[in-house]
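Input: structures, listed below.
Shared between the two complexes below is chain A, which has chain B as its partner in the first and chain C in the second.
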Partner chain A sequence: MSKKEHDVSRRQFLNYTLMGVGGFMAAGIMSPLVRFAVDPLLKGKEGAKMVPVMDVKDITNEPQNKKFTVKKVDGWHKFDEQQIAYIFKKKNGDILALSPICTHLGCTVAWNDDPSHPNQFHCPCHGGRYTKTGINIPGTPPPAPLGVYKTQVKDGKLYLGEVISRGGS
Partner chain B sequence: MKWRAKDIERYLTEKSFIDTVLLPLIPIQWEEAMLHTVREGEFIQIVSAEAERQLTGRVILHPAFTYLKAEPLEEHCKRLEKWKQQLINNGFKFVYFVTSDVQWKTIEDRIEQLIWMPAVPLEHMNDRHRGDFIEENVGSIMKIITSQWKL
Partner chain C sequence: MLQRIYDWVDERLDITPLWRDVADHEVPEHVNPAYHFSAFVYCFGGLTFFTIVIQILSGMFLTMYYVPDINNAWDSVYYLQNQVAYGVIVRGMHHWGASVTIVMVFLHTLRVFFTGAYKKPRELNWIVGVLLFFVILGLGFTGYLLPWDMKALFATKVGLQIAASFPFIGDWIKLLLQGSDIVGAQTLARFFAIHVFFLPAALMGLLAAHFLMIRRQGISGPL
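Then we have the complex of A and B:
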């Protein structure tokens, strides 16, 4: 009697164990599939993630340099990246948030730091220049306007999202 | 640009625009003052990586020149001279050596274009303070480089 009980429990044990292993195996096979199915959704969410950067009431007509951090993944390397936006109000009152990454080879441009070309964005690397709204000035190396951040206003705060390129010309 | 295939591919097609190298000098030492030596390297790597990020279209961040602190400076110099020659031969106009190791300061006029900045215990600073401090140092590296470009 006691031997039988023992047997059963051993069989049960084996069953559980095998099921367990099978379960893991199934999960192992399934998880990439599930990931493929879900991934685009996750990505969509991540891409749309907006970060609060400043109070709307503090936005002026003069571009202000604002720094903020976003979470990035580069291959297997996860890190916080500092980003910069030049934020100002256009004449018509619209908010514009420009990315300072030069469309030539990627240096960081600065606002109004070149006395010979006032009120322009200026690239320290090869003299690229852009107007206040980020339009590349012909005759300088950049092939396209500066990118613009996706903006959103909520509860008096300006949120920035991904950078949208404005193409080449 | 960084020392990685993606960036170097770009360099190979845009060579005429990329004429500057930033080369960190990083000491190694396991005996006394090890912690200090580690800080020197850490600090220089952080600031040079950030300077590269802002000037990426014209500057290559070169893999670090590492050396044993205990060995004679004369030997490092010889080896470094070869590295530099290689860069000059490949068309680079500006080669900046960045370091926190004070040894190099003693032969400053011999190496030219040495950027020396004292390391600080970054790990003891709060985020805000650390950010400001790094930014300040990155700013001075960038000033040195961009002012040379303008000449």
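Then we have the complex of A and C:
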């Protein structure tokens, strides 16, 4: 190997040193700032707490509209959010708790309030309809079934957790 | 790779003269610490600018979480400091950096004063420098209120009383700054606006003038 290939000119050496030191300082300043800014991406998602909603013995085969409040934490803002569930027993006895948020554009659907389509969930905004188990009826706007609440039965009470999406947005 | 990107842009926009104008300038022997170590005092101006850059960066990031409202300001600061990763460091950079900036401005002023660098033809740059000093003090004063804790509140009350002692128009100045009869919701909103929009805008304009003048006039000669 010739000596020439290893030669680094004074100018190059100073350039590399200055860029290295400058880059190190810039990284030292920027890394805490960037980590600070991207914190929401890296914070683990906390699952919703299970909330008691009604007595299991009161659950019928007919969907009942139940309102309940969930404690929410949004950064420094803590608040109570009211949520709605349509709760009923399926034919096989399983409890189903449906979220009434229409999967089309997010309006609130109601049970059995459209005389021309009895025993269906009906959305007042664009006429979206769902079967009793929340399956969207083809030919109406909703692209996916209604979401279902996570359910749990404890000491004769029905507890509801977060809404699990069944496809769609 | 970088060189090729640079060449591609330079071929089209001829950017070399632009940055040459900024980067290529004479550094006289008497301000170069490599020759005379005591020349480090000539670094104070650049170091002040460096701390200002840190203040601007850390401040920008703090506003991602901070809310200038009496109900939320303290809670948002508490949240960003205790729940957000590196919150202590980012807030610490801004908190301690504020003091360091004022110390550096002061040292820079002392250097300019004792080397007589303010004399003709550089009087205008001295004046701009004094204005910069006031803007930076204003940034310190308005920023102090923003965490909205007891220290912030009472320090601001004292500061506003000092402003109110100004002859003839003192009460008027106080009301203008306070925006209300008390140090409260409107004061906080006002101080936030001044701290984040008005004074930084003034700061950048004055800094540009400061730097243009020093480039035009060059560094003052040795003692």
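Please note the rule applied: the second predicted complex is superposed on the first by the 115 of 169 C-alpha atoms of A that agree within 3 Å, B and C clash if a C-alpha of one lies under 4 Å from a C-alpha of the other, contacts with A are read in each partner's own complex, and residues count from 1 in each chain.
Note that contacts are C-beta pairs under 8 Å (C-beta built on N, C-alpha and C of every residue); 3 or more make two chains touch, one makes a residue touch a chain.
Not measured: the values here are computed from a predicted model.
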Using the superposition on chain A described above, determine whether A:125 touches chain B (first), chain C (second), both, or neither.
first
After superposition on the shared chain, which partner residues are touched by A:104: those of chain B (first), chain C (second), both, or neither?
first
Which partner does A:76 contact after superposing on A: first (chain B), second (chain C), both, neither?
second
After superposition on chain A, the chain A residues reached by both chain B and chain C are none
Under the touch definition given earlier, write down the residues of chain A that touch chain C in their complex.
29-30, 32-33, 35-37, 39, 42, 75-77
For a test of understanding, state which residues of chain A touch chain B in their complex under the given definition.
102, 104-108, 123-126, 141
For a test of understanding, state which residues of chain B touch chain A in their complex under the given definition.
10, 14, 17-18, 53-58, 142, 146, 149
Interface with chain A, chain C side, in the complex: residues 54, 57-58, 61, 64-65, 67, 72, 75-76, 78-80, 83-87, 89-90, 93
